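Across the two complexes that follow, subunit A remains constant while its partner is subunit B and subsequently subunit C.
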Partner chain A sequence: MNLKNTSWLAPTFFWIGILLIWEWSAHNGGIARLFFPAPSVIVAAFARQTANGELVIALGYTLARLGLGLLLGAIPGLLLGLVMGWSRAVRVVAEPVVAAFHPLPKLALLPLVLVIFGIGEQSKIVMIALAAFFPMLINSMSGVRQIDALTWEVARHYNARGWILLRRVILPGSLPMILAGVKLAVNVALLITVTVEMVTARQGLGATIWLAWQTLRTENLYAALIVIASLGLITNWILERLTARWIPWQSDHMTT
Partner chain B sequence: MNDKNNSIRQASILLFGLLALLAACAPATPIAKPTDAPARLKVNVQPYMGYAPLLIAKEEGHFHNYNIEAEFVEAASADALPLVMQGQLDMSVAVISAGLFNAIERGGAGRVVLSLSQWNAGDCTSTGIVGRKAQIAPLRNVSTWKGLTMSTNETGFQGMQGFFVHQLLAKNNLTLANLQNSKLSAPAALDALQSGAAPLAMLTEPWITQALSLGYGEILYGGQDALPGAQLSVVVFSDRLLKSPDLGLRVAQAYLDAVRQYQHGASARNVEILAKYTGLEKDLLKKICWTTIPADGKLNLDNVMAFQQWAHAQGQLDKIVNPEKFWDGRFVDLVNKARPK
Partner chain C sequence: MTAQFQVTNLNKNFSSPRGDVIALEGVSFVVSQDEFVCIVGPSGCGKSTLLRLIAGLTEPTGGIVNFSGWLSTPRRAMVFQDTGLFAWLNILENVAFGLETQGIAQNERHQRASELIARMGLSDFARHYPYELSGGMRQRVAIARALVTEPDILLMDEPFRTLDAQTRLVLQDELLRLWRERPMMVLFVTHDIEEAILLGNRVLVLSNRPGHILAEIVVPLEQPRNLTGRSHPEIEALRWQIWKMIEPTVQANLKRAPMQ
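Up next is the complex of A and B:
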């Protein structure tokens, strides 16, 4: 018997069992339906909100903000990180500033960001960009710094500079850390996007969650959480595929 | 002699037996003797004026007078409501919102038992729409609001403030969809008012007074103008208090004693208590508008039902909940019956 082909059975039955117990308990007063509506009620809410476009529109807003924030935060983070990893002079100047700003809770900056960038979309995008900037910067800098000294020596020996050095030495050497940084940046940016939407927005998945909580329609809250969790799963799956393609020796498929 | 001794012994035994029987038949100790351990309550508060009666009740010893020990738990009203419905809190302030009625309709165990803030005709403005001073002339005409941004607190156009704006707009053939809404903290709302980013701001006290004194804006409409008699917030009891009539009554008495004291307004003692809890300057507390809280603890049920109809039409409410289901007036009735008019 091929165990590999049936290995999905146990977890599947486990989760189906959990859902059935949840469903039964919700209908028989075992758990508070107000806070833990039955899975069938959540699925119905999810289907209804998808059919009437509410969730799709909310997802659209969230993705647009997330995409823009990542673009404006992760790319500068990547570039500055590479430069800081490469150049000691830049690192000496910039590292204390990065060390001071990175641990700041980004949400604590929201009132200030609102005053500086205004109350519209700009301030939301800036918050997301700030969240994506630091993990990208730190990982790409670390990626460059962990390149083997011998590799730098060989590059110097062959007089590799500028674009050649970047393309042949820096990018391939730091790519595993850069991709790990992208993963971190996407996850943190998604977290901040939803949180900022909860606090300040009228549209988006975060705003949907907030409204569901305000009106205590918890099935709508769970439906939005399903979308956010799926979004996280899909983005991580895409990044895993990219990792497997670009640096196959680092892929999970290679590990035991 | 022996017969006499025997008779005395028998009489003594009979007497002790009778005394023992009498002791066994004696009534049980009353429940609320002053020497009893105080009843411990978990009460939701926040350091805002809207919680004034609870803050006064604790600080002035009104809870203590009824042998109650109130433990204050800080949580936002929207977060506290589920906790009181679930019984993790004994008592909470709740704003009139779709969430309150949805929670009760869906089996939440709490019930509304006492009134908190109301807007009444002729009141000062404790909640209102403030317009940007530089644009104040056109802003006085609601029909010019189309497309403008109004800042609100995090609840946006939900709850009574949404109903309030809706009423104003409806009279001018506008709807909530005609306004942009920015959910901002009060300091950010003042900044947006000054810069013009949000020329309209839904503010409460003390921020209205701040906006006026800074010269950023002027009051356009108070809640009492658009919705006289509106019930803004209420007190909700948990299942535990609802099922303990004696304790529930004592809590209601303590609360209404505090409301009577609150009605003295900015007295030196009230200001002192509220300054301590809210962190506001005493001078500011003397200047601001103190919202009406009815001394009899009764709700304006007509307004609550009108709100529910609006919220239902807006799609916020599952179904309209009848007063018999959300309002428990037992405690208020008992307290009012016992008190001199």
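Up next is the complex of A and C:
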């Protein structure tokens, strides 16, 4: 980092100022403490719940559900998307079904999923997988379809078939869109995970938030929010790095 | 009998919502082994279509594409107008692509590709991606990708069209050198009359639409040619002669809607 660069100074002081005003107002009755507990109280709650393991366990549940749901949803989505992008016949058959299910808010399916899979872990994983499936499918299909005609012609001219066609043309040609799809899938899966945990779970970050609300322990609610926000930030950061590493031919990633 | 390549009475129609377009009509010519033939014509005359037919990338509506006198079906390799390099493969992998699809092991294909990359003066860029190269370098890579498969027939679709005049001159010289080092049949499509005369042993003049052959001209220049120090009065005369042939078409083109 360039030490002479001072452009970070102003925003840092600005936000520290905001926090100080918040802290001061909370202690002097300027704002309702129940809704906006002082930052120091939130940090204390966060530290306490991290130390006694509550937040760590909740994070563990959420991550496990998120990970499993993503695997079960995004991988089939990727595969079907690639096949639909590649084969016109499969696309013609599958596209109406996809078009009908994709815009449906997946949460609307929750009661049905609960009826079919029960209140346990299965229904949660199914909801997360459903949410991750469609963005992955749509993006990998468009990824294959936007490979330009000249690229296909070159591949055909050199008789590229099967594995070589997949590895040298289709996968790398659609990779930027596939990775954008992964990002969409991860974000929507996180959203669904937390929501489903609020409604049907005893453990997990969503359940923690819900319990904190019901018992009016708002500082615990904020502490869980900090974890969820960090989770989102970290996964997005990792995906950005992976994109830069895996798509070295896109010049805008070359600066890092 | 020398190996040759022959098209007889070739026709190609395209269907479009506004009716059929006849791209080529009654095109016949013969090219012999190791001949460098240029096909020149105004834009939209079906030159590229003709080349794609010969490459087997599209089927003719009528007529015959015939290869006679070869031991086996001659290998054809095409150099595309906009290079068609894969953005996601580095130069070495791009050049080796045609070998990879033939199932040649990585060691051998990288070695063969490296040799050709060296001949094109691009050894320092083998691990670069296409976007890191200039237009002229990219077109060299595209030529290397075609040549590495050791084709019997090299098909070139306006390969130098997007290059600046100086770069083009250098690449034209290089192409003739490569052709002298390893003779093969070359079919070179261009809209640039001068380029056609400078490169070809023979020039086929195509008119549009429907595309048909207006004339076959034997270029009276000896090989090897020195393009950089050129001053050939006969070129000027030839250029004028060809221009007179295609000028009416170009004039007509300006007065009608484009095909697409």
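What we mean here is this: the second predicted complex is superposed on the first by the 243 of 256 C-alpha atoms of A that agree within 3 Å, B and C clash if a C-alpha of one lies under 4 Å from a C-alpha of the other, contacts with A are read in each partner's own complex, and residues count from 1 in each chain.
We take it that a contact is a pair of C-beta atoms (placed from the backbone, for glycine too) under 8 Å apart; a residue touches a chain by one contact, two chains touch by 3 or more.
These figures come from a predicted structure and were not determined experimentally.
Undergrad: Would you mind checking whether subunit B and subunit C clash or fit side by side on subunit A after the superposition?
TA: fit
Undergrad: Contacts for A:A32 in the overlay, against subunit B (first) and subunit C (second): which applies, first, second, both or neither?
TA: A:A32 sits against subunit B, while subunit C stays out of touch.
Undergrad: Have a look at where A:L175 lands relative to subunit B and subunit C in the superposition and call it first, second, both or neither.
TA: Only subunit C; A:L175 stays clear of subunit B.
Undergrad: Taking the superposition on A as described, I'd like to know which of subunit B and subunit C A:I164 touches: first, second, both or neither.
TA: Touch partner of A:I164: subunit C, not subunit B.
Undergrad: Which partner does A:W8 contact after superposing on A: first (subunit B), second (subunit C), both, neither?
TA: After superposing on A, A:W8 lies clear of both subunit B and subunit C.
Undergrad: Treating the CA centre of subunit A as the corner point, state the angle out to subunit B and subunit C, nearest 10°.
TA: Angle at the centre of subunit A: 150 degrees.
Undergrad: On the A-aligned overlay, A:W213 touches which partner chain: subunit B = first, subunit C = second, or both, or neither?
TA: So A:W213 only meets subunit B here.
Undergrad: Tell me the contact category for A:P248 with respect to subunit B and subunit C: first, second, both or neither.
TA: A:P248: touches subunit C, not subunit B.
Undergrad: Of the two partner chains, subunit B (first) and subunit C (second), which one does A:R156 touch, if any: first, second, both, or neither?
TA: The answer is second: A:R156 touches subunit C but not subunit B.
Undergrad: Shortest C-alpha to C-alpha distance from subunit B to subunit C once the two structures are superposed, in angstrom?
TA: 50 Å.
Undergrad: Quick check on the output: what are the common subunit A residues between the subunit B footprint and the subunit C footprint?
TA: On subunit A, the subunit B and subunit C contacts do not overlap at all.
Undergrad: Help me check something: in the complex, which residues belonging to subunit A touch subunit B?
TA: Interface residues on the subunit A side: 32-35, 111, 114-115, 118-120, 199-202, 210-211, 213-217.
Undergrad: Looking at the complex, which residues from subunit C come into contact with subunit A?
TA: 55, 57, 77-78, 80, 82, 84, 86-89, 93, 97-98, 100-102, 129-131, 149
Undergrad: Can you list the subunit A residues touching subunit C in their complex?
TA: Against subunit C, the touching part of subunit A is residues 150-151, 153-154, 156-161, 164, 168-169, 172-173, 175, 247-249, 251.
Undergrad: For the complex, give me every residue of subunit B touching subunit A.
TA: It comes out as residues 78, 81-82, 85-86, 97-100, 102-103, 106-108, 149, 151, 154-156, 158, 181-185, 187-188, 191-192, 195, 197-198, 316-318.
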